[in-house]
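Before we start, here is the structure in question, set down as structure tokens.
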């Protein structure tokens, strides 16, 4: 099989680097273009990029030129992975989609658009169909599909399993988020050393809304938001990778912690999703220890794609309490976007 | 005025050290005995104690002998500050009280006893009267008074202000707690470096119960627990000092964040409490910035006795959200216990 | 006595904030101007400054306007404390000196100028006289005096005591430097979390040269650099404040670790220096424990002005090994500069 | 080929866990026994072991019983990997060797014995022959071979390349060592948060002596220590894994940094060593960037077995300065010991 030519937009940033790393030796995709800001044009990726991952930069990437984020520069890429900041994404991604390029975007710019799927393949693969609506409405030959915010991702996967089994009414979420979620240079070391910052700009709004779209029903040409009330506190802590979320959940139908654990551990992606190259295996891992999940020990479970859940216990006010961990730059960003792309290919939307 | 002779029990541990440091140059109290475990007996405090505070060990303390925690060894102390572990406290503290010594205890051993006051002077000074019940029932000439768990402390102070103004119904609390709360050696560095531990043994039970006793009403000889539902997640983070708590609160009577901020900032201790030497000045500080309070920047507010509150905002499910910070070894342990002692002296219970 | 009106240049940065904090309630100086970059002009210091210290911003500072760093804007300040970056300092400081303002600068811009004193009052107060040469040569009515790099400072104080007693030949220095030394935002958290960065731009050159000027002899109109060979490795570690330096020293005349400890502990500033308001008390503290000094526990010794020395032991290759700790933003920056100003006032150079 | 049955002694500790993880799917060895302290006997490894690695515990290990460290309990293991503490090793390891078991030990107990090889296969594989002397002298049918201290390891590999090319005279070494080097629970979090501890018990003595044995010549039945003077400062920093060492080196024959870089990058293990399953590939990696190596980014180079070197530059006092990084629990402990075992098997010493 010929590999599909793909581009990574804003490849020099921290999410962009993760895209490059995860695309190394990918069975379906071949990177043909890396883009970056203007001061890198004319130089190679190896010269421009301050590589921040422990895994070494792939040799092929180091030699590629840094290009502008324009359709004409993408060397025939049919798919573009976008790590663009939201404001740039708002301009660039529609232009690419109009030019026939399919965009899997990690940016928040279009997540709330009614005709743009906000996708987690294990949760709402059927929402992928929104790109048909999108193409029709906008007259694009390409499309834009988005993955959720890094904190929304893991909690939505856990909530999906609970929703399917018991129904969901209300959710309190308090996050402790990793430094890599803020990009690079991101959080100043003096702000976080011996400290916690109890605020992340714009984050609580995303965490309170995005799960409702993903857990909602696609009927006809639109998604009906799930009728779940969500309240969030979001915090930054001194952890390199891995977002931890404390959840307290009110269910539609009572369930014991043991029943919830069983349902979470048994949660499966629909068969075509489970066989995608980047699928999480398992989708959810339930830890029995009283003090897990922990970011340093559990974030790489399932190559960083598994959602790790623990501390299942009853709650004096609602029904259940649990703790959810998800790798924010893999599952919650580049890896999630890559899995979306695989789903779209498998579903036939890349033609 | 002659100073009151006092002892510090378990003076070599991390809370014990804080007692020693806060009692240096105290206007009312003079330390006449420091106790520690058996292997320190016959040595000086300076020889035995691995001093962990940035403030230097007072010279007088370094030269004092380490004594057993027995009434006969306390050199005539009339008051004892207890930093004993709960299991030891269960034996030692009653023996001292029986021998006529008044014990201000940081241990959890007797907090739930109906005739033992669980005290925060700014919150429930009237509960001090329980020691009369205690003396009568138990036939003691001394007494035991306790201060709450370090995480309960700050949140109870903030909740008291809200309770007085609007009434309280339900509270969700998620803590991010400092390393010093676990004592020394306490948390292993390998457990917390680049990590969060989403579990602290026994902590959630304390946080869900203690505020209800302190916010309850003393009627006749007993305290009626406040009818407030509390649900907690407690977490350990890589911060040296300062416990941060995210609170989501359902009020009996609706209030805007602005009204709540006004009430919190205006909260005052009753007059005799406000004049005690270790009183918090102010009791509560409300920060306006979107990203405060923060442990490293705000924990020493009011010499570590002030409760710092911020991020007041409305909540989609309940009424209010806020973030509370309190210095766990000062306000939440030794400083709180010292303030209790000052209250008891002022209230005439030391005779 | 009327207080001397002073300005703080670049008052919003991390060293500038330290100047403001240390000048609060200063017995000799009164701040009449705070300067900052252009986008702050027309606003107050309280509005512009992202205050990073645990000590609260003084009220008077919050209300002052942010001004340009020009002589005409300094409200009659006779002395200016400069926290300017080196390139700006190169333009601004001479302009001020020409306009009759005396500049105590923390910037590196003029440290190597032959007619500019590089001063540590306890080490080379007699070098202050260079400002006479400077004024004569340059025709200035004001002057510039500099304090050394934060890493050079503590080690030079320790080396001075050894030089006086035994003579110095060669020094190996390896530093582990705090985050605050890089200013704000400075070091990105992702660069230092779970990490050490074994490089600080331009630092080794300063550490290898500056001590030689300060330990050199002023003869006539110039300083003869001390004939000491210095070799440095400089590293950044995840510590908020306090630079630690491992020193291995070859002496001109052999000495045991005990003799060295005696000499270091006995080291005194010349009498007029010892009585300055910001003088270190003691100048050097020698710790006997095998594992001290440590940044978190020892950096605030002597209100952050004392140099703390420990681990004195013999060396298999040279003569002595020791570890030196110095608070980098107090002793090594704003506090050092302030002490220089006090020396200059006392020595009569402010008229 | 039938796999060789092996045991891991003290398998529950942090180095023991690393042995278990590295032995998972090993092509030559099969684990038949895991030992631990008495309170674990009768339970499984999964029940007893507080697993600290991010890689999951192998299933086979979790089901194995925890056994005593005695020859009769090792289920026929012919080789034992020892992660025993030094004092226990002193008793247990000779008993096993006498009983015919070959011991590859990470303990320091026998490193200084004249007839015990202190081995790094890339450095001194010919020293392996000492086990013949050992067997003869002691009448053992098994033997003991040791790997060096974790800090000695990386620096000795780098020094070997320089010694071969230019000769070595004197070395200054200052380490910044990771938390995992102290085992578990090891360093208390309160000792290292926002801190550096400039002391590690017994470490400097090892770092100053062990490289001299490994870089020495085996003549007849004994090793002549290399005539190199080494002086060390050892420090603990807040890093999970990866020891960094700043080296300043006096060579017998002058060399430029470029010549040294060439020699280091070209350094090869002798052919049989290079083909061992756990061999470092490459042995040494030279980084060109001005700020590398860094523990977080570089410690897993070559699956944690490669020594990473950077910042090669000339020195004002000696000849060369460089920075060396080595993964302390892989290359510097379990991985090094495993590579030693592979060398011994290949050299025919396991029969």
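So that you can tell them apart, the chains are marked A, B, C and D in the order they are listed, and the count of residues begins at 1 in each.
Going forward, a residue touches a chain if its C-beta (ideal position, glycine included) is under 8 Å from a C-beta of that chain, and two chains touch if they have at least 3 such contacts.
What you are looking at is a predicted structure, and each value in this text was computed from that prediction instead of being measured.
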Neighbouring chains common to chain C and chain D, by label: A, B
Most distant chain from chain D, judged by the mean position of its C-alpha atoms: B
Contact-richer chain pair [A-B vs A-D]: A-B
Self-contact between copies chain B and chain C, residue sets same or different by half: same
Cα-centroid distance, chain B relative to chain D, in whole angstrom: 48
Rounded Å distance between chain A and chain D, as computed from the means of their C-alpha atoms: 40
Length of the line joining the C-alpha centres of chain A and chain B, rounded to whole Å: 42
Multi-chain contact residues (two or more partners), chain B: 52, 193-194, 238-240, 296-297
Chain C to chain B touching residues, read off their complex: 52-54, 56, 193-194, 240, 296-301
List of chain C residues in touch with chain D within their complex: 170, 172, 174, 176, 193-199, 201, 208, 229-231, 233, 235, 237-240, 244, 246, 248, 290-297, 310-311, 315-318, 321, 323
Complex contacts: residues of chain C adjacent to chain A: 14, 52, 179-180, 184-194, 238-240
